[in-house]
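What follows is a pair of complexes built around chain A, which joins chain B in one and chain C in the other.
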Partner chain A sequence: MLLTIARHTIRGTVREGRFRVLSIALLLLFLCALYGTYDYYASLRTQHAQASEMARGQWENQGDKNPHSAAHYGTYVFKPIFPLAYFDRGVDSYTGNTLFLEAHRSNQAKYALAQDQVATTRLGVLTPAFVLTLLFPLFILTLGFGVAATERQNGNLRMMLAQGLRPATLFWGNVLGLWALVLLLVLPFFILGGLGLVFAGAPGDYWWRYLFICLFYVLYFGCFIHLALLISAWAGRVNTALVGVLSLWVLVCLVMPRFTVDAARQLAPTPSWQQYQMALQKDLKEGVDGHDPASVYTQRLKEQTLAEHGVDSVHQLPFNWDGFIMQKGEEHETLVYEKQRQKLAEIYKRQLSIHQIMGFTSPYLLLKGVSERLAATDVATYFSFLSAAEKYRIQLVGELNGDLRDNFKYGDWDGTRGQEFYSNNSTFSFSPRPLTEILPELLSPFLVLLGWLVVTGLGGLFFYQRLRPF
Partner chain B sequence: MYFLQLKFELRRLARSPLTWLLLLCLLVFFGFSFYSSSQHLHRKAESVNAMLEAQQKELTAQSLLADSLRRGTAEVAGWWQDPTNPIVVGGIWRGGRVVVVPPQPNNYLALGMQDLRPDAWLLRMTGKQARGDVEFENPVNLSFGAFDLAFVIAFLLPLLVIALSFDLISAERELGTLPMLRAQPVMGRKLFFAKALARFSLLAAAALLALLPFFLLAGVSPFSAAGLGTVVLVLLSLLLWFLVALGINLLGGNSAVNALQCVGAWLIIALLLPVLANMLSEKLSPIPSRAAFLNSERATDKYLEESREDRLSAFYQQHPNYERKSEEEQDWRDYYRELLGLMPQEDAIRDSINRPFDEQIAAQEALSEKLLWLSPSLSIYAQLGVLAGTDREAGQSLEAEAEQLRQRWSGWFTDLFMEEKAVDASAYAAIAAFPSTVETEPPSPSYRGVLGLLLQCLLAGAWCFWVAQRRMVQ
Partner chain C sequence: MILRLIIARNLTFGVMIEAQALTKAYGGHKAVDNLNLKIAPGELYCLLGANGAGKTTTINCFLGFLPVTSGRVLIDGLDVAEKPLEVKRRLAYLPEVVMLYPTLSGLENLDYFSRLAGFRHRTAQLLEYLERAGLPAADAQRRLGDYSKGMRQKVGIAIALAKEAKCLLLDEPTSGLDPGASNDFSQLLRELTAQGMAILMATHDIFRAKDVATHIGIMRAGRLREQLENRGDFEAKELEALYLQTV
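Showing the complex of A and B:
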């Protein structure tokens, strides 16, 4: 009986003209999005590779310089673009992708793409994730809103119940039918979506990421299947059910996300520029400054170092005091910048947890976060990039200060290093955290999504039980 | 006839709980958009005020120290801490002047690019640095966009219109009252237009009533260009969607089909066409690579470093009053004299690097403006951005104004330094009087968005009329 009802549901839905029109339109849009975003990904990847190569070339060929002058000359690192960015751009357009690394300062990443674009770009960008996260649920809702209501309105329900059909069987049959239809429909989308990975020559890790993205999407679509049936049974009339599913979609996919942004900003406000800088400057003053020999902390360190080596002048130290003090200052500055960065990361974390909590009211919010995280276009990957860049800055400046300390005499600011030395300095590379590290973090959105699936399923069953013939 | 119809429709709508629910939604949407914008703008105002307060404190302390130094009652460790030194006060590696962009009442209409642009610039003798909360804003929040008035008018208002009018005619058919209506001695076409007009009047009146407190609380005059422009946009947007709903109703489907078609039209016109337009402009006129731009800047720096010797020789030939010293003999004055002397030429060379980049961005802007005609959402969003002064162009004029201020600031301190003058009490008084805000003359706004929306309304009206003609004949 269950299979008969499922078959009946599929046949009834497929027979509708809107099914054919919408599925073809959706597929065309998806292809369009895939082409557009893959092109975007490929051009950014090329730009990034060229820019990184050029920046390294400029570093190595900066000319003869004192190592500390080279540390001030600095270098650029660029946030790499990862293969799944063609699928979901995430927050990439809103994060700076260029970071200038120099001595004594931990700079902010600059030049977010969105800052160079016109305001209307913020109305949205067509990506495969946009089609699947925003439009596909609407498609499912328009397929399912009439399933129970039509049966009731055209009198079929009365006949079915008279023949001894239990409402629960009808519900599970409808669920099965819609699930089968949606899975069958979404499969070509997933396969086409994976083509980008083939063209990008992505390593295995990204295929696994993509597989998990697809699994989460299946769960997400399941929620909308159940919601469509729930509303259809609750409303009992086709018109009311339609208004109901559309209102739900607007609320869940359009209104709640923007409302959540306001809630997150209110409950976990980020510091203003002035607050951040004041805290930073206060902490910086409470430590060694490599360029200020008169500072209390520098003086204290000098006394300690002289005492440790049993000498009474920095000239007598077995190393170059300038290089030593520069490195000590660098270590203090690094700690201070890291502390402030951590504070900011904590605020972002609180804001994201508000987004997750709001996921109880909107699965769209949950899925968007998961998809971005798996595509490595989320804010956590951005922070990992910043941390990796900072680590590299410390390493690079450490190499330069170390050379100054060990191989130059005290006060010798005219001594220089050339191309051979700078070519041997460490290089920067960044990869997102492996999937195995990310998976445990996805457990909570997975459970919430599963909760959505179960609750909407039970809700649907409840309203089916209360469904009375017209 | 119209007033009779209006009275009848109003009475009928007043009895429907859906009408009250929709009006409540309208109020909530307008109210929340005001709340959301006010939170954002208050934060911005607090942030820029904190910057100005910190600057004022610093200036007072510096001026007092300068006074004490002149009286000989205080000492500093060296020239780099001397508050009478133009290099220290005018700013090269510290000092300088912060000029802020305070939020304006019009910003309530659309937050646009405001959350992505700087709140202030630090003007220094050698350049300016952008400052702002955007550096610390969570990118996730930025990516979702703001719940502002532009969002309500472009996306949510059309949905309210659809909810109120998707069964404009089909409900009559389904209730069996359509034959009765058509039996009246009035042309059917007129009857349906009057019906739509009555609902339009109701929603327009409600929207205008909701806008009035919005304007009053935000401080926007309803009779200013921004106020009137917003009212026109709201009315045109409502009219457009009523015409779309009426046209779909005239096609003769049942209520469910009409609702689906209306939402389909909304999805295509309001949601998909803008994202397709964005994709098109990204494809046809891509934003140039910032990474490549930075590398060009570095290459320019290298060229400037390599050609420094020639340029220095030219500088000293043009300024025979300055003596060129060897590196060992040079002190900080000689170093900064050379730096500031060569700066105008270096700025000109750097500008030539920026120009092609700016031109490419301008090309994308021009293309995007052409694509505004594609969708009412684009027209509304772009027009409200212009009226609110939060579009890209407004940001560019603010930056240009900040650059002019920087040149004034830099020129003043460079002259003081070159003439070997100190920053005295009168100079400190002049610093205090130097502008601390960047304000541009309100530009005469372009009304391309309004025109676009008007054209879209005409098209929708013509389509509606055509459908009505065909259906009525049938």
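Showing the complex of A and C:
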């Protein structure tokens, strides 16, 4: 019986003109999004690889310099473009992807992708994830809103119930039919979406990530199948059901995400750039400054170091005082930057937890977070990149100051190092967290989505059982 | 032997469709008021009455679509309120406007509704039901969207036939049918009653009622005002006069 109704649901839907038009339009849109973003990211990946190579080349061939001068000369690092970025851009468009590393300063990332583009880009970019998270649910709602309402309004329900059909059987048959149809429809989208990984020659980890993304999407679409049937049975009339599903889509996919962003900003406000800089400068002044020998903190450290070594002058120290003080200053600055960064990260963490809590009210928010996390285009990956870049900066400057401290005499600012030395300096590399680390974090959104699926399913069943044939 | 005879008599002469003091009220308004009727196998009971007399409400109560306010409705001895699914297995229903799926063919509609009733008929058998209902095989494969009202009604009849039910509930079944189709339909009803089916038909059509009914009841304001057995001992004109006098 269930299969009969499921088959009938599929047949009835497929034979409708709107199904054919919408599914073809959606597939074309998805192909455009896929081609557009893949092409863009492929060229961006090439540009990044070239820029990284160029930056390293500049560093190694900067000429003969004093190591600390080289630290001031600085270098660039770039946030890598990960293989799934073409599928879901996440926050990549809005966060800087280029970082200038230099002594004493922890700079902010610059050159967000959206900066290069027209203002309308900020409204959202057509990506495969955009089509699947925002438009595909609308498509499902359009397919499902009339299922029960049309049966009731047209009088078919009367005939069906008179045949001895139970409303619950009708509901499960409709659920089965729409699930089968949606799975069948989404399969080409998933296969086409995976082609980007093939072309990018992505490692196995990214295939698993993509598989999990697909799994979450299936659950997400299931929620909309159940919601469409629930509203259809609740409304009982086609027009009311249409208004109902459209209102739901606007609420879940458009209003709630914006409301959540605003609520997160209100509940966990981020400091302005000026406030951040002021706090930074205040903390920086309360410690050693390698370039200010007259500062109280430098003088105090000098007295302490001389006493430790039992000498009267920095000339008598077994190492180069300049290199030592530069590194001490660097260490203080690192602590200050790390402290401010931690404060900021805490605020973002609180904002993210607000997003996660609001995920209970909108599967869209939930799925978006999961998709970005698996594609490694989320805020957490961005902060990991900043943290990795900062660690690299400390390491690199440490190598340079260490060389100055150990291998140069005090006051020898004319001493230099050449290409051989700079070629041996550490290089920067950054990889997102492995999937095994991310998976445990996905359990909670998985359970919430499952909860949505069960609750909307039971709700649909409830309203089907209350369906009156007239 | 005696027991077999008793069982046989009960099967042949027992009551298939029965209303016991059936009352259906909406607030203070009684749509059906204390209705009592019994229809045995092989009988066709026509409920006549003006719009709002309570004919369709009575049928909806038999279908279990409306809960009764008081009294009982029984199909083959089973209370509709207590055994709704068992009851529906025993009855077929044909509404005034048969609402089927316009994107499916007549054959597909029949197949689908038969399956919902738990029957899996072969195509040849389905075509036979359609033909018996008056729809030629050539039309059976066409989409229902292209059908006239009469043709749709025939598919509805085929659905009722394919269910192989003991009782048939008809709500204004000939409304909108052309005279030829109505005549065919009457013939079919005669065949079904001859085969032992119990039929309850709500209609406005006095002449059709006189033509096919074994029993006729005239309703007004929810009450059954007149009941008569159609032994062919009165003319349609006399029935019309009684009807007009009653309503």
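The criterion applied here is as follows: the second predicted complex is superposed on the first by the 470 of 470 C-alpha atoms of A that agree within 3 Å, B and C clash if a C-alpha of one lies under 4 Å from a C-alpha of the other, contacts with A are read in each partner's own complex, and residues count from 1 in each chain.
The definition used in the following text is that a contact is a pair of C-beta atoms (placed from the backbone, for glycine too) under 8 Å apart; a residue touches a chain by one contact, two chains touch by 3 or more.
Here the structure is a predicted model, which means the values were calculated and not measured.
Once the two complexes are laid over each other on the shared chain, residue contacts for A:R18 go to chain B alone; chain C is not touched.
In the superposed pair of complexes, A:V243 makes contact with chain B only, with no contact to chain C.
In the overlay built on the shared chain, the residue A:D39 is in contact with chain B alone; chain C does not reach it.
By the touch criterion stated above, A:R158 is placed in contact with chain C alone, chain B being left untouched. Residue contacts after overlaying the shared chain place A:F470 against chain C, while chain B stays out of touching range. With both structures placed on the common chain, the touch criterion links A:T436 to neither chain B nor chain C.
Comparing chain B with chain C, more residues of chain A are touched by B.
Looking at the complex, you find that chain B touches chain A at residues 32, 35-36, 39-40, 43, 46-47, 50-51, 54, 77, 110, 112-113, 116-117, 119-120, 131-133, 135-147, 151, 154-156, 159, 163, 167, 255-256, 259-260, 263, 267, 271-272, 274-279, 281-283, 286-287, 289-292, 294-295, 298-299, 302, 305, 361, 364-365, 368, 372, 377-378, 381-382, 385, 390-392.
Contact residues of chain A toward chain B in the complex are 18, 29, 32-33, 36, 39-40, 43, 47-48, 50-52, 54-55, 58, 62-63, 76, 78, 90-91, 93-95, 97-98, 108, 111-126, 130, 134-135, 138, 142, 146, 238-239, 242-243, 246-247, 250, 254-255, 257-262, 264-266, 269-276, 278, 294, 344, 347-348, 351-352, 355, 369, 378-379, 382. Residues 1, 4-5, 8, 11-12, 15-16, 154-156, 158-166, 468-470 of chain A are the ones touching chain C in the complex. Those residues of chain C whose C-beta lies close enough to touch chain A in the complex are 60, 63, 65, 85, 88-89, 91-93, 95, 97-101, 103-104, 112-113, 115-118, 156, 159, 163.
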